[in-house]
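Naming follows writing order (A, B and C), and every chain is counted from residue 1.
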Amino acid sequence: DGHSGASITISGEAVAGVKYIEDAAQETTQYLELDFGIAGKTTTDGGLEVGASFDLDLNTNGEAAPDDEEVYISAGGITLTLGDVGAADDAVVGNLSDVGFDGIGVDDVAEAFFDITSQNILVKGEFGAITVAASGSMDEAGVDAVDDFVVAAGYDGGMYSVGISYADVASGDFEVIALGGSVTAAGADLNLFWHQADDGSDTISGYGASVAYPVGALTLVGTVGTTDLDDDDADFGVGAEYDLGGGVSLAGGIGQVDDPFADDDGITVADFGMKIKF
Amino acid sequence: DGHSGASITISGEAVAGVKYIEDAAQETTQYLELDFGIAGKTTTDGGLEVGASFDLDLNTNGEAAPDDEEVYISAGGITLTLGDVGAADDAVVGNLSDVGFDGIGVDDVAEAFFDITSQNILVKGEFGAITVAASGSMDEAGVDAVDDFVVAAGYDGGMYSVGISYADVASGDFEVIALGGSVTAAGADLNLFWHQADDGSDTISGYGASVAYPVGALTLVGTVGTTDLDDDDADFGVGAEYDLGGGVSLAGGIGQVDDPFADDDGITVADFGMKIKF
Amino acid sequence: DGHSGASITISGEAVAGVKYIEDAAQETTQYLELDFGIAGKTTTDGGLEVGASFDLDLNTNGEAAPDDEEVYISAGGITLTLGDVGAADDAVVGNLSDVGFDGIGVDDVAEAFFDITSQNILVKGEFGAITVAASGSMDEAGVDAVDDFVVAAGYDGGMYSVGISYADVASGDFEVIALGGSVTAAGADLNLFWHQADDGSDTISGYGASVAYPVGALTLVGTVGTTDLDDDDADFGVGAEYDLGGGVSLAGGIGQVDDPFADDDGITVADFGMKIKF
């Protein structure tokens, strides 16, 4: 209605391919996922940026619904977001890359307590190389807020970055500290991640590393992750991604994952497919 | 397909803020609502305007679905709409404004029988200052139509407007007459509303007034409404809305609402938040 | 993100009108259907066309969901589609046209075994006048694939076209052969269709013809179809469609359909309404 700064845009991504999970009821399966988003954005006379967005996602498994509604206001490097905001650790601390077109899950166990709580208020500040964020929850009609909160801080040094977060998961009576770092060296991008959950009497640590090594349009990737649980063997995977241009790439990965609570039970997982950004 | 006059547009609005309801299970709650719409429009060679639209709405309470599908044809000031059309009283007769960023509900009881029936056919004619409308229902597959119908007429005199409607709510065995008017005077916009439901033996009247007084970018608002039920005290609220430009405004309100069937039970309600148009 | 060839588009169609079904619980009903689609498309540096799409459809009967997700890659006339792809017979072989703004169903029984199975992989090749296609299914997580597959081939001779398909409907223990052809002669477009389902001991054939005869902006249409079941009388209908320009047309039809398994039970069906393309 004549708001010169207002706009609504549609964005979209899709993946399509084949997944293999050893000994699953269906070992080799087709998988599609379409993630489209609709976002409105405007700017007030005073320079405040204001926006709202939601997702229209569909996948083979039947998820199909408008979801993830958010409203944000942003000024001077500080952004306040309300709605389905996730948590501050995920917003700041880098974690492991998975391998494959959709991810075969070799990073899941090593990051099991990362981004584990969900909030409806997120404040994020970006000041030059430094990023800080905090997330918490307030009541919604008919839903009492959990007392969980998360704070996180990060520093981006150009060729390297580091981040740290503290999550008080009151709803689960435990706390999580996470450390993530990345460094570009010798032409490779290396991510390192460690986190520890502590319920006052016991601790569990999960940690790992992932590396991406670009060679022209091809990028070779590798990931390893594990926990300090007695029966947990390391999960690991290797893969490759080939950029076809136009926002399209072919990607695949193969690796081994296992149940962290059982011994000698690793299974082979793999995927191969296409990633598309519109 | 080369239809020079055809277009599809996306529109969007959002509100986000905090609501307070005294003695509710959650007294202070976060509330978000995103109302996006997709509409197609075209014009025939003979000048008939034809369109179809639906909504993609999400809110904190979990509503999230494509809904409110409508198809309309329009020519010479007359528009025929099929689908989720609402009713003719709501299409013509002005009613009370609520206060707050999303509305605290001070107008609800005073308008309880207004726009109370839902039809699937709406005819609306606009002839200069005069607007007339009628709505009714026909069967849908598997759903017998209710016999309800609504007729309404309005006159817009520039600095004032008036509207009247008659609803035969056969599905509830009662009739509703509503009168609404607005007038701009001394820099303020004043809305007046009265309606009465009659089931042949008893009548209930609901009525009220709302005022909006703009002072630069700030608009002060106030609303009062009640019924003639013995135990119903007046609901009332005051609020303010501040236009930040770019389609964004801050708005808040505070007031008192009560159960019309119980004595001395008023509770305080309030909200504060942001309204955005993209 | 700077993909010069990438785009996302919204398309839309709608129908709205009135349907009549003799002796139905509701004989005359309102019917609306809005079929909007969101599609992303891009082209790789090597000239591969890649896209993803889904539908946002709503109708009077309450269907309202994002659905029909597909991802395709295409090059050199060959397109591979994954997702809700339908089947190869429907992708290649022409069948009967129905009459009316939304279709009164006079072609349904004659085509009962056509496009009867649903696959998640479709390969289609278009080489000049020749089109070939095959569809089959692979497992999805939690869903075993059916063993059904369909192959089809078609030839487009300009003033005429023919197509043939073979469907092995293993999930139903029968096979279907279908033949479809169309010819333009004396100003009319004539479609002919025949198919036969065979379960090894019995066969059922369904067949019919439809004709469209354009006279300026008006097109007269007629359809007849039946099976070789003893108690099945022919279903037939006549109709007209009038092009109003701008992507809008008025269309209506009237005809008779009957239960193929019962004698002398034909009922009258009709519809009239508007078709809109945005």
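Quick note on the criterion: contacts are C-beta pairs under 8 Å (C-beta built on N, C-alpha and C of every residue); 3 or more make two chains touch, one makes a residue touch a chain.
Just so we're clear, the structure is a prediction, and the values are computed from it rather than from any experiment.
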Inset, instruction - Have a look at where chain A meets chain C and say same if over half of the interface residue numbers show up on both copies, different if under half do. - result: different
Inset, instruction - To the nearest 5 degrees, please report the angle of the rotation taking chain B's Cα atoms onto chain C. - result: 120
Legend entry - Centre-to-centre distance between chain C and chain A (centres being mean Cα positions), rounded to whole Å: 41
Inset, instruction - Identify all positions of chain A at which a residue touches two or more other chains, and write them in rising order. - result: 10, 56, 65-66
Inset, instruction - Sort out for me which residues of chain A touch chain C in the complex. - result: 10-12, 14-16, 18-19, 24-32, 34, 36, 56, 58-61, 64-66, 244-248, 274, 276-278
Legend entry - In the complex, chain A residues that touch chain B: 1, 3-8, 10, 38, 40-46, 48, 50-52, 54, 56, 65-67, 69-71, 73, 82-83, 120-121, 138-144
